[in-house]
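Per-chain numbering from 1; labels A, B, C and D assigned in written order.
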Amino acid sequence: MSGNSFGQLFRITTFGESHGEALGVVIDGMPAGLMVDLEDLKKELKRRAPGQHEVHTSRKEEDLPEILSGVFQNKTLGTPITVIVRNTNQRSQDYEVLKDSYRPGHADKTTMMKYGYRDHRGGGRASGRETLARVIGGYFAGLILKDLSFYAYIQEVGQFKLTTAPLDHSVDRGEINIPDKKMSDAVIDFLKDCKKNGESAGGVVALSILNSPTGLGEPVFDKLKADFAKAMLSIPACIGFSIGSAFDLVKLPGSQISQDSKNFGGMEGGISNGEEILLQMAFKAPSTIGEKAKAGRHDPCILPRVVPVVEAMAKIVMADHFLRNSSYSAFHS
Amino acid sequence: MSGNSFGQLFRITTFGESHGEALGVVIDGMPAGLMVDLEDLKKELKRRAPGQHEVHTSRKEEDLPEILSGVFQNKTLGTPITVIVRNTNQRSQDYEVLKDSYRPGHADKTTMMKYGYRDHRGGGRASGRETLARVIGGYFAGLILKDLSFYAYIQEVGQFKLTTAPLDHSVDRGEINIPDKKMSDAVIDFLKDCKKNGESAGGVVALSILNSPTGLGEPVFDKLKADFAKAMLSIPACIGFSIGSAFDLVKLPGSQISQDSKNFGGMEGGISNGEEILLQMAFKAPSTIGEKAKAGRHDPCILPRVVPVVEAMAKIVMADHFLRNSSYSAFHS
Amino acid sequence: MSGNSFGQLFRITTFGESHGEALGVVIDGMPAGLMVDLEDLKKELKRRAPGQHEVHTSRKEEDLPEILSGVFQNKTLGTPITVIVRNTNQRSQDYEVLKDSYRPGHADKTTMMKYGYRDHRGGGRASGRETLARVIGGYFAGLILKDLSFYAYIQEVGQFKLTTAPLDHSVDRGEINIPDKKMSDAVIDFLKDCKKNGESAGGVVALSILNSPTGLGEPVFDKLKADFAKAMLSIPACIGFSIGSAFDLVKLPGSQISQDSKNFGGMEGGISNGEEILLQMAFKAPSTIGEKAKAGRHDPCILPRVVPVVEAMAKIVMADHFLRNSSYSAFHS
Amino acid sequence: MSGNSFGQLFRITTFGESHGEALGVVIDGMPAGLMVDLEDLKKELKRRAPGQHEVHTSRKEEDLPEILSGVFQNKTLGTPITVIVRNTNQRSQDYEVLKDSYRPGHADKTTMMKYGYRDHRGGGRASGRETLARVIGGYFAGLILKDLSFYAYIQEVGQFKLTTAPLDHSVDRGEINIPDKKMSDAVIDFLKDCKKNGESAGGVVALSILNSPTGLGEPVFDKLKADFAKAMLSIPACIGFSIGSAFDLVKLPGSQISQDSKNFGGMEGGISNGEEILLQMAFKAPSTIGEKAKAGRHDPCILPRVVPVVEAMAKIVMADHFLRNSSYSAFHS
């Protein structure tokens, strides 16, 4: 396997199977001298952790991060930062039954097609559990982007849809990252029902980025939008990416689009223009349904827990492009 | 600038400004001994060329490819293949007026923000003209993928939408890549009106890939879907990517999705499962509208011409992952 | 910092400061299904470990490897393999005195020039201790190269020089990797004297590789010889690289060189030709001398311990090029 | 084939076979707004061109560079710069005889082993002719490094050796890049004899770099010395690399080395310390000897012409690391 790294100058390499010894990440390209707060990192991880809410999987994992390198006396050294999280709640016996059964829509079958061998105790690298390494990477990326604000939230779940975007980044996202109390309550009820019935649900996560510098992104293949798209589609279960409401927007004539610069989603020609960056990501309903799902060790809907992962990946993209753009600081003022 | 390369083992590097001396591409990672047919390459370029239909820009460019390296006696040498196309129809005087005016939604302003200098005669690297280099790259990628079939077509333009998908890859795509005569006629009329009125239109391109090998794609960041997303979003004006009808699909419960493996779009866990790969890409309406557009040297809608670009980028992604997967041929049988 | 990764398809990423929590490596690009023997890995690490012989530093570190990912039931999963080694013998107080003093020839000063901050307890990333991660990487690379034999040895230390090359790879390399009993004894005496007197010594390590496949290496920048050179010069204290006795060989006329294909060192045009690969690497005498050296916690000569590091780096280069070459297995038979 | 690119942020991709249509280079990562002087570029190319002196091959090639992209009104655009040179003096008939004969020490045989197909008219990509693309890349790299001075010269040819290093970079390097009139005359006579007798000679090129910024190079794998080593060993016929006189220096005890910071060759811990950088590269005698060599279309010694190539590769390494280091300009002051 390869492809466990993401980014050029700010680069994360993640490792670990869902049911192996530990998961973790190496973060290369971190500047030196930045203050690290382990409590902040734990808070980020907790946002993604299972078992935080009754609509989630009932698996509980503490996900305690241990920093192995790159930080000295609470400051980054500029050397690669490695953080690991031990797997504590593996209950391998639950999964023995899966040895020869491939869950549809999962990597089980394709992993065997590709490698001829797999860790049948869980999703291996394709497990959603891998995303905790991304959240750690995102925490460190965020240290580079002090002035920026990243705010992701659930916009749709099943048939429920947010009717108006949140006013700004201070709007409370409630218990499950929906910035509207009424919709949040309804979705919680809906997901409880899903869980009870062995049903699952998908939806759309929106992301707003404020205070982006201008000039991030490269004009051809490494357009900011292209790197966002790759980052988001690399998240398990993500099946769609759009700048603003792209698939609705394309129905409008050019004359109407041009009236509002918001329609460019903060990027022109693939390069940030300093305005708000607006993205939407579609996540499909989990494939684990029926009796297996009723056992309760799966999420009926991953959206509440994917919100911090979306923010993390966006931070990693922005940190990388910030450093890439800085390379030319001696020439382009 | 950097970011003018795409792919890992099969890698294209494109160069050239829209109004410079020439555009071109270096294709690195090509196997040796494959037959090259210059006429086939010209045909592919013609599919993308401007001025082929009255709904396009009235600019005519012959786009004659010249192979500078990598091919000897009509066979690939395994060395980098370089193909250039000279710019012949520049009419720089048309563009002098643009020197200090930035077109909204274009890279004009962001290029100045980033570099402080630009070739004001046109879109530079952000121009749609750069995509001819991708079509050349796609032609050579296709030589690696002899058994696969790539078939892209227009699914939506403005308010027009294809009601049923084409039966198979043999369905005639007509004059402007719409595999339905009635819709095609209607869209041609609509685009003629757009052109006359200085209006523009966006839409959705669909892509079907048949006979994909299994096992392509890497399980984490370089998932096949992630690399497709990056490839597509790197195309100018592309603002959305989806596997199947992702943004509709997410409304369905898991029980319903799992009933039809088609809903996985040919990929599970980010790895190809051998079934049909189905993608959709949203392209926004061009920002050049009004009087400037009426001059006729711009496309009112880029979708008809973007279809071969979509196919080319998909071929490049698949060729790259085919070679990456082959690296392990001695171990994973 | 960046640059903590080496290799394209078989890629190691190392992390950890000499006096931090742990050092380790992530190995990406490993094939699935290969048997892993932890005892073999420990043996390799022991060859590099400090305190194994009285001519070494008297620091003792057990260097116990822990595999965190990528191996399941003693078989590689094809996923990234992560191995860490905890630092147990840090004695930070020894180093406090070094906080504001920069050792000549070390990275102390240049690290401050570059980052403005460092872990003053030791050499940080530039420490020789980082090389244990490479030895781990080399062990796994070796699993890919079952038929090849790598054999490195000391050819020169100070004024001592091996007069004849060892007959084959079965020749005993003695206590300190010198395949000649007489020279070995003399060098051991010499190094004991060095240690007592606070003096240090450099020398030359030779490497022979047998049973290389043909066709490894790429014809231009990624020539096999170029990647060997980078690999070797990336080892701390390495200051010279040569194919055979390059700096002597260049004195010979072409007519004489061409008489013996051995003079090509197993590579023609930068590509392996299947014959024995012969390399020589020059390592300078450690800069830690005088009273500081007499304290005994430094090596008077790193050559005995660098031999397994040289082999490891060579294996990593060969494994990477083996996989790169295999990418074209479907085309170049 | 892959591996036709070199560098991370400042990256050159070269293409073209020795007897194909054209050779050239794409330079990605160039800052915008730098003045380009085509005459300066031609001068650099002329330093490498064949037929400039009677000790060279009698082949004459004008090597006229044509800039296809990346420069507008004599200023770099920040977009990829492409420069090609057409092959004008191919005389393919001379080479037909080589179709089935492999020259020892060349890539002829290994190219067939690897690809099963080759352009038998010449050395293809492994030809020394490929290095003209590097000289072009070096010219543009030099624009980024305005304050630095690069000065390479011949230090040894066959049995002739410079006894003292040139005082500074202003010392005249004479007709064949030897900064000592007496040695230069002797070597010219020697090489004339070689040419007449179908003999060939190797030697050593030295390189001095002045005014290097501090902090260039990354502490582990991408040490400045490691990237120099790769750059130099990627040049055809280069078989050895050393910092200063490494293979002599290793004989000295640490106490003696530490007395003179010159012995560190301008780098400590793999990072530039601002002092003079001193490198030596060994080049073997060409394998073309005997009757074939007497025909006069081969160099009896490539050293005089390789001097500008060595400077070019060094500039490319330094420009790349300069940009890499600048990425952190916002953090490391």
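Here is the rule we go by: a contact is a pair of C-beta atoms (placed from the backbone, for glycine too) under 8 Å apart; a residue touches a chain by one contact, two chains touch by 3 or more.
Remember, it's a predicted structure, so these values are computed and weren't measured experimentally.
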| item | value |
| --- | --- |
| Far-end chain from chain B, centres as C-alpha averages | C |
| Pair joined by the larger number of C-beta contacts - C-D, B-C | C-D |
| Distance between the centres, which are taken as Cα means, of chain D and chain B, whole angstrom | 38 |
| Chain centre separation (chain B, chain C; CA means) in Å | 46 |
| Whole-Å gap between the CA centroids of chain C and chain D | 27 |
| Shared interface positions of chain B, touching two or more other chains | 1-5, 9, 14, 29, 32-33, 78-79, 114-116, 124-125, 219, 324, 332 |
| Chain A residues within the chain B interface of the complex | 1-6, 14, 104-111, 113-116, 123-126, 130, 156, 158-159, 194, 199-204, 214-215, 217-223, 225-234, 236, 238-244, 246-247, 249-255, 257-258, 261, 263-265, 267-274, 280, 282-290, 293, 324-325, 332-333 |
| Chain D partner contacts - residues on chain A that touch it in the complex | 8-9, 29, 31-34, 78-79, 144, 219, 323-324, 326-332 |
| Chain B-touching residues of chain D, taken from the complex the two chains share | 1-5, 9, 11, 13-17, 20-24, 26, 28-30, 32-33, 66-70, 72, 75, 77-82, 84, 114-119, 124-125 |
